[in-house]
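In the two assemblies presented below, subunit A is common to both, partnered first by subunit B and then by subunit C.
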Partner chain A sequence: MAKYPTEPLKCWSKAKELREKFYREFSEAHEKGGLRWMGSAWAHDAIPQGLGRDVKCITGEPYGASCAFDRPLSAEFLAATENYGFARDLCSYMRNYWGSILVNKYALGGEFPKADFAFSQHICCSHAKWYQNACELEGGDVPLFAIDVGAGPYPPFAPKLYEHRVKYVQEQLLDAIDWLEKVTNRTYDDELFLECVWNDVRSTHTWAKICMLNRAVPAPLDEKSIYSLYVFGTLQKSHPEFADFYEELYDEVTDRVQRGIAACPTEQARVMSDTQPPWGFLRIYRYLESWGAVSIGSLYTFGLEGMWLYDDERDEFEPRPMPAEKPKTREEGCMLLADWHLSKPEYQHFYHPEYKTRMMAAMAKHWGVNGIILHYNRGCEGLSVGIAENRLGLLKRGFKVMTYEGNMGDEREFDEKATETRIDIFLEALGLQKPE
Partner chain B sequence: MITAGVDCGAKNSKTVILQDGEIIAKASVLTGFDQKASVKASLAKALEAAGLTRDQLDRIGGTGSGQKDIEDADVKVNDIKAIAAGAHYFFPNCRTVADVGAEEGRAAKIDEKGGVVDFAINEKCAAGAGAFIEAMGRALETPLEEMGSLALSSDNSIPMNAQCTIFAESEVVGLIHAKTQKKDISKAIHDAMASRIVSMVRRIGVNPDIVMIGGVGYNPGFVEALRRELGVERIYIPDIPEFGSAVGAAVVAANNGKS
Partner chain C sequence: MIEKFEEWYRNRHEYQTDWKQRNPDKKMVGFFCTYTPEEIFYAFDILPVRVLGSHEIQDVTEPHIFAMFCPYCRDVLAQGLKGKYEYLDGITIGASCIHLRQAYFSWDIHRNPGWSHYLPMPGHVQSPRAIPFLKGEYELLIKKLEEWTGKTITDADLKRGISIMNDARRAMKKIYELRKQDAPPITGVESMYMTCAQFFTDAREFTPVAERVYDELQTRKLDRPVGKRLMLVGSENDDLEFIHMVETLAEREPVGATIVMEEHCTTTRYFWDEVDTSIEDPLEAIAERYVLRTPCPSKDWPRRSRLDRILQFGKDWNVDGAIVVQQKFCDPHEADIPFVRKHLESNGIPTYFLEFDVTTAVGPFAIRVEAFLETLEAEEDLF
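Here is the complex of A and B:
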């Protein structure tokens, strides 16, 4: 029985249109005299955007997720990748992406649009090989530049030598700009670059502020919807329309909180998740809601493309404040980008699972979570590192934790019915009643 | 108060009838393809053994992988709640229970009232369940009933893949070709499976009073391997381990859905 009023998000159709436009612009870039580049959703995408407004990108992770959402299409891509000789236990986004190139089919329709260059970053070993192979599969003449972001944890986790570590990344970003000019024969536009840096900061800061609003009871957003909204940060953080959209969304969600509008009208319990979901089975979130349990988000949806700071002393997790001033030079822009992104919450667990556990525990406390559902995601080596440690850490802190195995992009490794059974057991243990 | 607990498992459908907390009848039939029919047959057989009719039952609790086909169930009992209540019924001091059935292995940490505190269930692989030993028995050309005692007669330890039935079977074939004695292979199989269950139990925490239920409780080779791997003096097993979940379902039904 409904406890709270609910209503659809007003900006839902705009979100859909923006996403479709983004993918269409990538495929049509050459027709309009522009350039196409491919790279990770974690890449410093403001860097290539300084080449011109007609430069369009595709980021591999959200593209892989879109493929996975369409299960028959994904099966075709995965089979093509395996037939080519790639192992089945590699990153499933990457396999969907490679399959798309091999089958020469764009998930949004038509042939797969090949890129002119690749610009990425290396946080996990899959990222490191992803675009190397993609460049080869696209003909072997696609140039690649990647930033090594393995510069250690951000303060407060590891403050030592930070000024040197951030400089290490900044200098690579400056090198990347020189490289981009060479491989594209274009003159770099610093003014446009600085505008894109600021868009990046705006969108990632505003996304964190939107997630903060989900501390409200009832939660104005549920995680299934959050997946459709956080995606803009993964597509292109530096995109002006995406930064503007997040500001519009912030106003709308603020209004929902003020009016007590719930994402799940029957909200009785709040859970949080972790890592990417099995994209072909997002209905498990609706299954949770049928019990009156709303998933309010995760460190993944909040912190992959949202910028936060963890405060050790207060055990608080809050949006990273906007920088006091806009950068004025290429060097300042690269320094801001380097520093801003090194504070990304989702980078920190690569150095120690305890950092992630602390952030998750702070989230669970401040967002009023009753239980935590962890996905042992076989499809993502990078974000699955240390999840079992996180589970132990959260249990020690007194949280109730459930785990399930699956794969974000390979439906063969997810058992929907068995997962529902686990959810039943877990929610019943949390004191909820199974709906008739 | 008379209640029945029905556990529709992957291999057998079991029914237990409780009268004021005492088991007065039990029955088990092969589940086969028609789960609804096997559930009805199991319940009918147990009622006949108790000399009762369906109308004399106050409530029926249903559990197991085929729970949805227990049409007569008044109370649906999830698998973990059922094993927790079942273990608590037989051994009230129990705080950790491992259930190893034909299709699944699972473990639960329980409180003093038999309520669930934490749980773990094996994933898509059958390597932590009875079907694993059955498959390995076929590869060894040894009847399932003899696998446990054969394992107990070996003192050798041979490491074996505990993660996948397919890989394990290849290893068994390799060991047969290497002229390894059957008893040593059988012990390796039981050790591998026990290590799988132990890793699950360790995830939720081992308590000295550990109870095992499920049909594999009849297999002395597995029970010994489990005891050794867990490093405990004894594993507590009820006389009728395969009825553990059915008993739990009957108990929960008697409490009208509560543990």
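Here is the complex of A and C:
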């Protein structure tokens, strides 16, 4: 029985168009005289964009997720990777990506578009290795530059912001610009770079503001829809159209909150999740909703690209404020990018699970969550690091926690029926009743 | 004297407890990865000891580490959860793979002995920015150690720490050189006992023993066939049962082998590279050593620099084949293995791949290694 009014998002089709255009532009870049690069969703993508507006990218994680969504295609890619000799427990995004190269098939149609260079960041063991191997599989002549961001936790999880840590990242970013000029034979456009830096800050800040709106009851957004929206930060956060889109989305979601429009009209209970979902089985979110449970998001969807700060004293989790001033020089731009992204919530658990537990607990409190569902994701070691300790830490704080095991990008490792059974038991424990 | 290494390996806890009794005013810190700068701990007169697994079945880590992480990290955590290291004063890790970090984190949460330190170790070791960054991290570590111990250290203390570690490394390298001989005077098992013993003991007590062993090895003749000369390549590997099985195959089968070299983090990746004492600033010299040492594959990018050293080891130790070993779920190595095998094979060194768990599947592995050795024989027959 509907408790709240609901309606589709007005900007839904625009989101689809933007995403399709992004992938198309990557494959068509060479025809238009442009360049193509590949790299991690967490890459400081404003850096290569200073080479020109005709420089287009593909980021491996959302591409891997798109492959996983198409299960037969994904099976072909995964088999190709295993036949090459790679272990099947490696990151499943990465295996889908390598499989695409090996099969020479682009998930969006046609042959896999070879990149001119690779530009990534590195925090989990696989990030730079992903593109090191992709470069090799693409023929061995694709150059790679990766930025190590494993420089330690950001305050309040470190006692202070240590200068040498930010400088380490900033200087690598400056080195990357010199390297890009060398490998592409192009002159770097600092003005364009600074514009992209600001777009990055704008989109990652605005995304966090949008997620804040989901504190409202009823939640204006459900997590299955959020997956289609957070993705722009992972595709290219420095993209002007994506930054603009998030501002438009913010206005629309604000309007939904003001009018009491629910994502799930039967919302009775609120849950939050963790890590990437099994992309081929997103219908489990609709299954939750059939019980009247809406998943309001996760540290993953909020903080993978959204920029937040955890306030230790207030146990509050809020969007990181925009910088007071725009950067004016290349050095300032790189410093801003380094500092801004080192505070990324989803970087902090690499230094201790307790940091993530604290952010998750604050989220659960402020977003009015009744239960927490943790995906023990066999497909991503980076985001499941410490997850068992997160579970223990959340239970200790009095939260109700459910876990299920699966894989974001390898359907062979997800048992849908067993997961639904676990959901049934968990939601019953939250006081909900199984739908007729 | 060589038996001393096995004794230390098997009785690590007894040795370490005894060391504490002999040095009641000194501290002992357990470290989880070879990226920990032991030199700095020695400069403080703190004994760094590496925590390895015990290769025993355990059931205590499941609530703490998700089962898709490597068995080694779970085995290491089990040692803490089962209270086997209650005598430690502190724990630390120089950041390497994220698997092992979890063992450290859970240990920190549930078994913190009173002091712990996570040391960010640069991943981009091929960048000129890595050494200054690491030096900055060492300065933070030193400050924390000064607060903990109430001591301040000087460059002379750091140089003493460097000397202690370099001496131990040099002693082991000299012994490794002997393994180049047609009939090595030391087996792979004995070598592994030696390198692990160095983890578990005070280097100042280890090195004189290693030097005496080196002298003894000059005239030592082993009453066993060398068989095929094999190299082990891969992730953490102190699977002595496996090495013993390989080296005793000839007692049961028509083929046999000796492990004459390894490239993994229990042996050469750990000790092969020394700190350059010609660098004036000892802290910078230590940072340089850890940045420039043969990297863990998680740090070996954009160039896969490990391949050259692996091949060079293979050539210098005149190996007939390489067994590429991997801890199950070890992502950094899994990402490298197809390329390691390709590189070795294209340079004439046949390879065989084995995946390891906490306990060694000696029976099935014996059949597989035997088959590999037979293929090496077949090649000889053909040419």
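As a working rule, the second predicted complex is superposed on the first by the 434 of 436 C-alpha atoms of A that agree within 3 Å, B and C clash if a C-alpha of one lies under 4 Å from a C-alpha of the other, contacts with A are read in each partner's own complex, and residues count from 1 in each chain.
Convention: a residue touches a chain if its C-beta (ideal position, glycine included) is under 8 Å from a C-beta of that chain, and two chains touch if they have at least 3 such contacts.
Note that the structure is predicted; figures quoted are calculated from it, not measured.
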Contacts of A:87 with subunit B and subunit C, given as first, second, both or neither: second
Partner chain in contact with A:71 - subunit B first, subunit C second, else both or neither: neither
Touching partner for A:428 - first (subunit B), second (subunit C), both, neither: first
Partner, of subunit C and subunit B, that touches more residues belonging to subunit A: C
Subunit B versus subunit C as contact partner of A:418, first or second or both or neither: first
Touching partner for A:168 - first (subunit B), second (subunit C), both, neither: second
Touching partner for A:14 - first (subunit B), second (subunit C), both, neither: neither
Interface residues of subunit A shared between complexes with subunit B and subunit C: none
Subunit C to subunit A touching residues, read off their complex: 62-66, 68-69, 95, 97-99, 101-102, 105-106, 108-109, 118, 120, 122-124, 127-130, 132-133, 136-137, 140, 297-298, 301-302, 304, 326, 328-329, 331-332, 334-339, 341
Subunit B-facing residues of subunit A, complex: 395, 400-401, 403, 405, 413, 415, 418, 421-422, 424-425, 428-429, 434
Complex interface listing, subunit A residues touching subunit C: 84-87, 89-91, 122-126, 128-130, 132-133, 135-136, 143-148, 150-152, 162, 164-165, 167-168, 171-172, 175, 350-354, 376, 378, 381-382, 384-389, 391-392
Subunit B residues touching subunit A - in the complex, by the definition given at the top: 76, 78-81, 115-121, 123-124
